[in-house]
Every structure is written in C-alpha cells, then in structure tokens.
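These are the structures, in structure tokens.
The following pair of complexes shares a single chain, subunit A, combined with subunit B in the former and subunit C in the latter.
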Partner chain A sequence: MLQISGWIALGLIALAWIFSDIDFADLFSARRMDNFSRFAERALPDPLRQPGDGASLGAWVTEQMNLYGWRGMGATLGISVIAIVLAGGIGSILGAFGARNLMSAHPFVPHATAGHGACNHALDHVAQAVRILCILLRAIPEYIWAYLLLAMLGSSAWPAILALAIHNSGILGRLGGETIENLPSEPLRAMSMAGATRKEITIAGVFPMALGRYLLYFFYRFETCVREATVLGMLGIVSLGYYISESRAHDQYDELIFLVILGGVLVMFADILSDLARRWLRRSV
Partner chain B sequence: MARAADFAGLGGKESSHRVRVLTGILAAGILAFLGLGLDGSGLLSKGDGAVLVREFFVAALQPALDYESGGYLPADAPPFLLKVAKGLWGTLVYAIAAISLSFVFGMLLGVLASESFWATRGKAWGVVRWSIRISLTAMRSIHELLWALLLLAALGLSPAAAVLAIFIPYTGTLAKVFSEMLDESDPRPSYALSQIGASQSRVFLFARLPRTLPDIAAYTFYRFECAVRSSAVLGFFGFTTVGLYLKQSFENLHYHEVWTYLYALILVVLVLEAWSAQLRRRFVV
Partner chain C sequence: MTTPPAAFRLSGVDVQLGGKPVLQDLSLEIGAGEHVALVGPSGAGKTTLLRAFTGVIGPRKGYVEVDGVRLDQLKPEELRSLRSQIGFVHQDHSLVPNLRVSQNVVAGRLGQRGFLSALRSMMRTKKEDLQEVHQILERVGIGEKLFQRTDSLSGGQQQRVALARALYQQPTCLLADEPVASVDPARARSLIRLMVELAKEDGWTLVVSLHNLNLARDFFPRVLGLRHGKVAYDGPPSALCEEQIHDLYHLEETAFGEGR
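The block that comes next holds the complex of A and B.
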C-alpha cells in the first residue's frame, strides 16, 4: 500500500509538471518584466516618490490607518471571533454525535463485554452520517461558501461569518469526535456501568474531559479564521480584503501592499495570541 | 474568592477554571457581535435572495450532466462533463505542482529552522536560524489569495503565478511544522548514535530525520488536501480551476452546473481523505 501510494504520488507529480502549462520562464519574459517595473514604480509609498520627502511617510501611514487600517482590522477580527465561537459550539455537538464510542448502545463499554444487543445499528448510522456531514461541510472552501451566501443573504458581515463557521464546524466536528474517541475510557465506562444515561455521561464526563484538547484545536482554528477572514473581504464584505481589492481596482499599489502587510501583521498577532492561549491551556486545563 | 475554590480541592479549582475559559470565549463572541453592529435581519434573505435560495438548493438534487440551456455557448465548447474533468485536473495540477515544490523547500528550510540541527554548532548560527524563522512567518502570514493578488498585479495572469501563490505560504507552514516535528522527536536514537562517535550531521541524517518521516509525510498529505481547496479558489481570480467554471456558471444562474462542480470538488476531497486514512493506518502500526 505504501509503495503503491508512493508511485501514484510520484506519477501525479510528473504528470502535473510535464502535461501542464506551468512555465516559470514565462514569469521573466520581457512583457512581464515591463509589467513588473510599472508595478514597482507605483508600489513605493506615495510620499517616498517625491525625493527628499521622507518625513511625511509617518503621516501617510497614519492616514492609511485612519482611512482603512483600523476599521478593516477591527472588522476582520470581529468576524473571525464570532465565526469561531459559532463553529466551536456546533463542532462540539457534531463531535459528540460523531464519536463511535459514545454513540453505541452501551457508551464506552466494549462490545464483547456488553452482551446482547450491544450493536445498535441506528446509533452507528447516526455517527456515520454525522461524520460524512463533517466532511461535506469542510470539503467546500470558505471562500466558495462566502461567495454563494453573499448572493443569497446580500451584503453584510453574515456571509463571511457563516462561511467561516460552516467550514470550521466541519473541521472541529471531526477533531472533536477524534478527541472523544481517544479519551481514557475507564472513568466513562464506570459511569456507564453505574447506569448513567448517554446524556449524563456526555455532560458530566465526556465534555469536561475533552475540553482541554478541544480548546487547543479551537484556538488553532481561530488563527486560520483570522487568515481567511482577511481575504473574504475581497468578495465585497467589509474586512481588510475589501480595502485591498479596492486599492487593486484603483491601481494604488502602495496602498495595496501596505494593507497586505497589515493583514500579515494581524495574522501574526492572532498566531501569537492562539499560541499563548494554547500554552496556558496545556498547563492549566 | 479564589481561596474558597482552593479549599474545595482539585476538582473545584479545575471546574472554576473551565467556567472562566468558556465565559471568556462567550464574552469575546458577544463583544464582537456588538462591535460589528450586527443584527439577525442579515441572516434572512429577502426578495430576490429568497427566490435564489430556493432555486439553488432545489438544484442540489439534480446536478447537471450537460450544459444548461439559455447561456451563450461557443461552438468549440467541450462536452460538459469533460469541462468538469478539465477544471478538476487544472485544480489538481496547481496543487500538486505547488505542494511538491513546497515539500522540497519546506524540508530544507525546516531542517535549517530546527533547533536540533544547530544544537552543537556555535551560538553565532542562531542568527541564521532566527532570520529563517522570521521569513517563514512572513511567508505564511500572508494568505495565498493575497500572494496571488500581488503576483497578478506585478506580473499578470500566468499559470506559474498560481503555483507560486500557493507555494510561498505553504512552504512557510510546512517548514515551521517540520522543524517542530524534528525538535520534538524522540532524542534517544540520536544519543545512541553520538555515543558511538557519529558526527552531528550523521546523527541528524540517520537518527532524527528517519524518526519523523512518517509524521512529515502525513502532514504533507494533509496540506495537499488544503492546497486542492486553495487551488480551487484561485479560479475566482481567473486561473483555470474549478473555481473559475463554478463562478461562471453561478453568474449565468446555472445552479445545476454549480452543484456538479461542488460535488466534483467534494469527491476529490473524499478520495484524498480515504487515501490518507489508509496511509495513516499503515504508518501507525
């Protein structure tokens, strides 16, 4: 299996490079270089284009921040926070319904010792269906969800929030399910054997035990949410991406580059934030 | 207050901790909701939107197998399913080309960014390591679509630009994760080899690297799945992937065609998922 997979992978890589129109030399053709020099000319911040006027660069940055920067960053952050909170809630429910050890006639009791009627096919099917639902939710990229939702709901922050929430619910649902399946089963089996119902086991045992790990995934996905929320704006939803696509449309490349870097800084900020949260979680929860 | 929780024993302290974390997350969500000035009315589609929603979701049951009538169709248009296949192949080509390049450069930079590679070399080399780490952060903090936008503005539409747009951030991510995997791998084989007198680079090559290869392969495969999604979205910028055709069909109100593209994309992700699940089972054993 490993060997076959390796050969298939190598074959696909060869095919992709040979039978395609990818040509890196094309990037350096005269026409492209021409295009590039035009781009580079306008990429320099406006105040730097006039010689000897470096002092007003600070004023230019302040102006950019006041015009688009703060608003774009705030909206991007807000969208991603709401989206990840929604996804966290939905994902925990999907995770519980998709975990095979919880969704059995005798939760956490191995089939062999559970005796008659241990195989409950209805519950098995529910778990299977939920897992497939999770795959469907995350198979479609956020950007396509947002594009479709924007046409349906009209312009507001909701299409971006829902797109991020849908995609991440699928991912957190799957990761949550795996977390539950990997929990140490002894305490949960004890609850089950003592007669606790599935609901009781879930609320009093599974969720508290799984929370730490689940939150690790939650913060990891928060970081990717911020990254995605930035670009969803390019569809016309007010986040950083909206201002980025506007400056592209007006050929204001200095503005474009400034805002792209600002987006990068925001992602780095979220990266550090989620890293701190995860480090703190590892120690305490 | 905190003292009371302490006296309640470990369980009490832990659960108050959990409550605090969850309350914090919920509060952040509500704050973001208020900050964005959202209300529920944006969630309901009105007028044309409502008609669109119904038509769009009814079309989900009947994905198109041929072009929908009513649109302009050039005389030399390929059969619809062939066009779908072409879109999928285009999506895969960019993803495969980008991830294969990213793997090579990710390995190289990942080794150079890892602590264990520089362990016994002089402190001065720390500068090299940190400058690589900082560049990797910059590479992955900027979303692939923003790289695409910059490359489009600077060089114009070219297939190599699509590959480059995926390659840059994915290399940053792969290298970062590879370096962490290398640093966190079991150090005992390395000790054993250096005890019998192997040079530092041999220890790295024959003890540390082989131990992490399964993890590296599994993670690369997961990122490939992400690259397929990224590549699909690049179609929205004019590259010939599924996203381009999906967008065109949606703009022509050919919802049945849209669903064919969505199902095709889901199918690819499902196949990749099944493949990687098989592989992981082999690796773990």
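The block that comes next holds the complex of A and C.
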C-alpha cells in the first residue's frame, strides 16, 4: 500500500513537472539563493546584527510589542472572539432548524398518527432549506467573504468579523444539526409523551444534551478563527496580518518575522485555551 | 347515575410497526382507578399497547379512547394537553443525563406551562416549585438527591427520578413500561409497592407492564396477559392457573425455538 502510494506521488510530481510552467531548477537558481540570503540577513533582529549588542534585544522586543505587537494581537483576538460568539449563536439556531428529527411533524414520536392531517411537511422543507443555506455559508471561504464585505462595507474590523462569523455559522450549523440528530431520542420522546411542545423539548432536552458536544466544536472553530483572523489582515484589515504585510512592504524583515512568530504564539495560546476548555467539557458536561 | 367513561378503551385496534403486526384486533377496557398488570413474553406488544394509550403510536385500524375521548379525533394541542395528564415511566428511565435531578423532575410539567414559563422553570426553578419537587422526591425516597446530576445516580435511583417526574405531572393515571427491568428483585418489589401505594393515595388508574409474574400476582387485582398482540388472559391473578401461565410464557420458548 505504502509502495503504491509512493509511486503514485512520484508519478503526480512528474506529471506536474511536465504539464506546468513550474521550473524546479529555478528554486535553486543563483537569484533565489541571493534573495534568500538577503532576507535571512535582514530577518535577524536589529540589535543582533551589530555584534556584542545582544543586551538591547529585550528593549527591541519591547519596542516591537509596543509598536504593533500588542495592538495586532489584541485586534486579532478581538476579531476572532466576536466572530466565534456570533457564529456560535447563529450556528445553534441553524443547527436546530436543520435537524431532521427535531423538524418533523411529530418530533421524536415517529409512529404517531393521532391528530390525522396534522402531518406537516412544511417543516421538512424548512430543514432542507436551512441545510442548503449552511452549505452555501461554508462553501465560500472566509477570505472571499472578507473580500466581498470589504467591497461592501469599506475598511474596518467588521468585514473580518462578519466573514469569520458567516463561514463558521455554516460549519457550526451543520455540526450542531448533526449533533442533534445523533442525540439519544428516549429522553426527548418522554418529554413529547408528557405533552411538551417542540420548543419546550428543544430548551429542556435538546440543548442541554447537545451543549457539551457543540461547545467542543465551538472551541475547535475558535482556534481556527484566531488563525484565520491573522490571515484576513493581509486584506488590509487591522489584525496581525495587516502589520505583517506592512512590514513586508517596508522591507522590515526582522519586524515581519517577529510578527509572524507572534501570530504563531497567539494561535498556540488559543490552542491551549480551547484544549483546556474542551478537556474540562469532556469531564463535566 | 351514568357510569364514568373507561380510563382507556381500545376498540378493534391494529398496529403495525415496520410492516409487522404488533397489536391485532385488540379490544379492551381499563376502568378509571383500576390497577392492572400487563404481562406477557417479550415482543407480545406490551410497550406498544402502553404507547397507544397516549397516542404516541397510532393504530392502522380501530381507535383508542381515553376518558371517553377518541385520540384520533383530537387536535394536536388537545392531544398534548391530554398527554400532560398521563404519567409515563419508561423502562430506560428516559432522563436527560447531564441535568440535575430537580430539572428532570420539573420537565414533567413542561406540557402544562407556556413556553416562557417552561424556559424559566428549567433555567431557574422557583423556590416553591423546588419545594414541591423535593417533597415528591421524599415520597419516592430520594429527597437528598435534589441537586445531584442525574447520571451520577444508580439505575434504581434514576428509576425513582423518572417516577418523580411522572408524579410531578399530577397525573390522573400512570403508565409504567417494565419499570423494574433493570433493578434487583428486592428494589423491584419496593418500587412496585411504592407505585401501587401512590396510586391508591391519589386515586390514579395504574397500568404497569411486568416481566415478573410474582409481582403482578402480589400487587395487582387484575392481570392482562398479552401474546402476539392479542389478549391471552384477562382476570384476577388468583384465577390464573398453571396451564394459562404455561401458555403465556411457553409460547415464548417455542417462538424462540422456531425462530419466529
């Protein structure tokens, strides 16, 4: 199996080489090497470029943090937190309306025919429509949503927030719907048998039971949001990505590398945070 | 004086599930305030019969009446209101595992509240409601579990929570589907005794399906034996002779033996 995969991979590379304009030798040409060594030289933090001046590295880091670091990190985190909270709220609503077991004429009592004629197929269509909407929302990448929203709203943090919120609503809507469809039906049927309405079953049974798993997805997407919020900055939205592209424009490669590392640290921080939250959730919800 | 309508009446009821007949041309009556044990082998249709009483499973032929009202003629909201008066204890407890005991019990009255009041009762139960829930839990013997997470309780304790939820409905009748299937014999006996005592105190109609014929004999004046979706025995347990018991349960063996 491994061997076959290996041959297929080699074959694909050969095909790409033959049928595309990619020049593999170009990667190792003198010009590329030259560019890289220039970059590597300038990427070294300013104080380290002058030998024997390592002590001022701390001061340089502080300066960088005060210049763009804190602002960029704060904005990135702010954008992703607002976005994921919005997405979490919208996704939970989409999830409930897209869950086929909840949106049936007789929720959780599949064999009921009492109250003949009450069979309401409109609800099935609503669920179908919501599921298609979710597909649309998540089929368009965050980056494209942000691009469109920038054109509509102009430059501010909102295109990034809304782009992340829209895309993740689609994802959380689908995952939320699936979570609800996979819930054990017995407790929900019991509520239905005690005369509870669909809405009441939703708040008293569906949401409490689905909450734990939904929050797992929520925190996982939060992590992704932090990463994407950095990337969206490249479109000119004030997040870390914006300052990264600015440093590149000004040939400040040391600053650029510093901000890239900062982005990595932020994602790691979100990663740990969501990991802790998810571990806690697994134990207690 | 007119006689009060039967609590439950089935008239020529046929139920099919997944294309298989489960109840066949079943007619029976259970009077208001009666205590009935439903016995029979697995697959005889006991669960289906109990669910048909609440309109959760609709018959293909015939009709079900509750307190003189035909279920198939009720509007959905009327059916809901009727269901809210029928307590049902499920074999698998059917509780929400990650809610507190108090919340699971409060859920019993969802069908009797408006949406906002239901929401409030689940999120922040009022003090007087909590007191009522606590009293009911005391009655079923687990008052101290009020604020515990439901899934931290043992199977027997969860069954009591399920009973408490049905009690909180203030029902006119209680249906219980194999309520002691997962409880050890001593606890099974005490739980059935508790149900019968509560039913006597509050004057409910009580229908309990049981696997254990001894419990049926000891606690119920009327035994209803089901076999292949039909009534195989209906009468006092004292009149149930060995041959009839054999008929009721022997068929289970042959059914398994013949792979039907």
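Assume the second predicted complex is superposed on the first by the 250 of 285 C-alpha atoms of A that agree within 3 Å, B and C clash if a C-alpha of one lies under 4 Å from a C-alpha of the other, contacts with A are read in each partner's own complex, and residues count from 1 in each chain.
Note that contacts are C-beta pairs under 8 Å (C-beta built on N, C-alpha and C of every residue); 3 or more make two chains touch, one makes a residue touch a chain.
This is a predicted model, so every value here is computed, not measured.
Contact-wise, after the overlay, does A:74 reach subunit B, subunit C, both or neither (first, second, both, neither)?
After superposing on A, A:74 lies in contact with subunit B but is clear of subunit C.
Give the label of whichever partner, subunit B or subunit C, reaches more residues of subunit A.
Of subunit B and subunit C, more residues of subunit A lie in contact with B.
For A:200, decide between first (touching subunit B), second (touching subunit C), both and neither.
Touch partner of A:200: subunit C, not subunit B.
Touch test for A:158: subunit B only (first), subunit C only (second), both, or neither?
first
So in the superposed three-chain picture, is A:11 touching just subunit B, just subunit C, both, or none of them (first/second/both/neither)?
Neither subunit B nor subunit C is touched by A:11.
Just subunit B (first), just subunit C (second), both, or neither: which does A:208 touch?
both
I'd like to know which partner A:192 touches here: subunit B for first, subunit C for second, both or neither.
Only subunit C; A:192 stays clear of subunit B.
Applying the document's definition of touch, where does A:58 land relative to subunit B and subunit C: first, second, both, or neither?
Neither partner.
For subunit A, give the residues common to its interface with subunit B and its interface with subunit C.
Common interface on subunit A, subunit B vs subunit C: 208, 211, 285.
Using the touch definition up top, name the residues of subunit C that touch subunit A in the complex.
Listed in rising order, the residues of subunit C that touch subunit A are 17, 51, 54-59, 64, 71-72, 74-76, 79-88, 90, 92, 94-99, 103, 107-108, 110-113, 115, 118-119, 122, 165-166, 169.
Contact residues on subunit A for subunit B in the complex?
1-2, 5, 12-13, 15-17, 20-24, 26-27, 31-32, 35-36, 39-40, 74-75, 77-79, 81-82, 85-86, 88, 135-136, 138-141, 143-144, 147-148, 151-154, 156-158, 161-162, 208, 211, 215, 218, 227-228, 230-231, 234, 241, 244-245, 248, 253, 256-257, 260, 263-265, 267-268, 271, 281, 284-285
Mind listing the subunit B positions that touch subunit A in their complex?
14-15, 17-18, 21, 25-26, 28-29, 31-33, 35-36, 38, 42-46, 49, 52-53, 56, 92-94, 96-97, 100, 137-138, 141-143, 145-146, 149-150, 153-156, 158-161, 163-164, 229-230, 232-233, 236, 243, 246-247, 250, 258, 262, 265-266, 269-270, 273, 275, 278-279, 282
Considering only the defined contacts, which subunit A positions touch subunit C in the complex?
Listed in rising order, the residues are 109, 111-116, 118, 186-187, 189-197, 199-201, 203-205, 208-209, 211-212, 285.
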